[in-house]
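The following blocks contain the structures, represented as structure tokens.
In the two complexes that follow, subunit A is the common piece, with subunit B as its partner first and subunit C second.
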Partner chain A sequence: MVDPLQSTLRIAGSGLEAQSVRLRIISENIANAESTGDTPGADPYVRQTISFDNVLDRSINAPLVRVRTIGRDDAPFKIEHDPGNPAADSGGFVKLPNVDVLTELADMREANRTYEANLQVAKQSAELLGMTVSLLKDA
Partner chain B sequence: MSQPYVLQLAAQRTQWLSARDSLIAANIANANTPGFQATDLQPFSAALDNAQVSMVSTNPAHMTPGGDGFAEARVVEAESPETTLSGNSVDVENEMMKIGDVNREYTLATNIKRVIHQMMMSALK
Partner chain C sequence: MAIDGISAVGAIGKSLELTPANRTGTVAATGQSGLVDAIGKAFNDAVGQVQAGEAASIQGLQGGMPAYKVVDAVMGAQRTLQSMLAIRDKAVSAYQEISRMQI
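For the complex of A and B:
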């Protein structure tokens, strides 16, 4: 059986990985918040969504987290009247991405917070392992 | 020679603490997983109460029940103030508090181990 403190490091690592993928998706959404289509009337950038899942790692008998799906948001596009835009259709309407920057920023905060929590767990379990090893020092 | 009782107890305590630590880590890693139920370990005292008292064997043919007298602590559902719409019951703040508790108690147990060891060494040298 694996030492529980070693498996703690593995679990926290999986959490860090999942949250960093989430941060990547959020940054892609924010970067493309104004990306319209190339041709007149074309669809713009579609907001990406992310969902997590827990999988039981049998070698350490603990639930690791992984990214289940990176999906597309079905929310309708924003439509703006801007006849001068290259992506405007015959009526002068432009489809803008269904990205709400405020939502993305709130989501980013949450991802950040969970990332920090996982980091704290990893730090702490490394510290506990160090404590046990240091028992040998003054033997 | 059998270990001093305090040393054995401290070892069981660190075992229990590291098992709890990995459950807390799993809760925090899954803080955003839909449908994840937070878990915790049953208290150390309860795990000790479950332990069997080993019987004295007066005859080599006597069979002893297995284990070193310390039963594995059972995993229970963590108490959680709320479950989110997605069915997740992890409370990150609460889990961070528990991590702090584990850290403090682990320090105590390792220091007790060190002191007992020093005590034995002082008798030897």
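For the complex of A and C:
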């Protein structure tokens, strides 16, 4: 039988990994919020989305979280009239990425909170394991 | 008579000696599980885990491993070492308890 506290550490670890990938995707979206195509009329950067999935870890018989897919957001691009831009089409319109920085920031805050929650779980179980071992020590 | 008594105590002391030859001679012969062997084996495992933690931390410094994995490996090594030390202390105090026994 696997120690439930050890399993908890493992599960929280998978949460940390998933949330750090989420944070990475958000940072890619924010960094590329103004990335246009390199030829006239070309499509700009497409916002990436992330979704999660539970996967059974047979060694501890508990569901871990993993990244299911990193997909593309199908929302329409923003169009801006900017004839001087190298990516502008014949009408002078430029396609800008479908990234809304405000949405990304809200999403980032959520990823941050979830990461912190997983950290707290890991901290608690490590502390409890340590306290249990210290029962062996003389007072 | 007095000298006989002292040599008897000496014999008991010999049977408690923890030399490898003596261990195989007495502990194994009586068919009991060798506590010392078990502790030794567990210590070897602990050393392995500490080395794994070290390797993880070096890899982490080079950026080849996620931070939480490094932390988990190092904390695992620390926990194992602490458990082993606590168990060793218990075993040592048990032997001390035996050596203080009234004969």
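Keep in mind that, in the parts below, the second predicted complex is superposed on the first by the 138 of 139 C-alpha atoms of A that agree within 3 Å, B and C clash if a C-alpha of one lies under 4 Å from a C-alpha of the other, contacts with A are read in each partner's own complex, and residues count from 1 in each chain.
To be clear about the criterion, a contact is a pair of C-beta atoms (placed from the backbone, for glycine too) under 8 Å apart; a residue touches a chain by one contact, two chains touch by 3 or more.
All figures in this text were calculated on a predicted structure; none of them were measured in a lab.
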item	value
Superposition on subunit A - do subunit B and subunit C clash or fit	fit
First (subunit B), second (subunit C), both or neither touched by A:N29	neither
Superposed model, subunit A: greater residue contact from subunit B or subunit C	B
Contacts of A:S20 with subunit B and subunit C, given as first, second, both or neither	second
Contacts of A:A62 with subunit B and subunit C, given as first, second, both or neither	first
First (subunit B), second (subunit C), both or neither touched by A:N98	neither
First, second, both or neither for A:Q124, with subunit B first and subunit C second	first
Three-chain overlay, closest Cα atoms of subunit B and subunit C, distance in Å	10
Shared subunit A contacts, counted only where both subunit B and subunit C touch the same residue	138
Residue ranges of subunit A touching subunit C (in the complex, touch as defined)	9, 13, 16-17, 20, 122, 126, 129-130, 133-134, 136-138
Subunit A to subunit B touching residues, read off their complex	3-5, 7-8, 11-12, 14-15, 18-19, 22, 51-54, 60, 62-65, 110, 113-114, 117-118, 120-121, 124-125, 127-128, 131-132, 135, 138-139
Residue numbers on subunit B that touch subunit A, as the complex places them	14, 17-19, 21-26, 28-34, 36, 92, 95-96, 99, 102-103, 106-107, 110, 113-114, 117-118, 121
Subunit A partner contacts - residues on subunit C that touch it in the complex	66, 68-69, 72, 75, 79, 82-83, 86-87, 89-90, 93
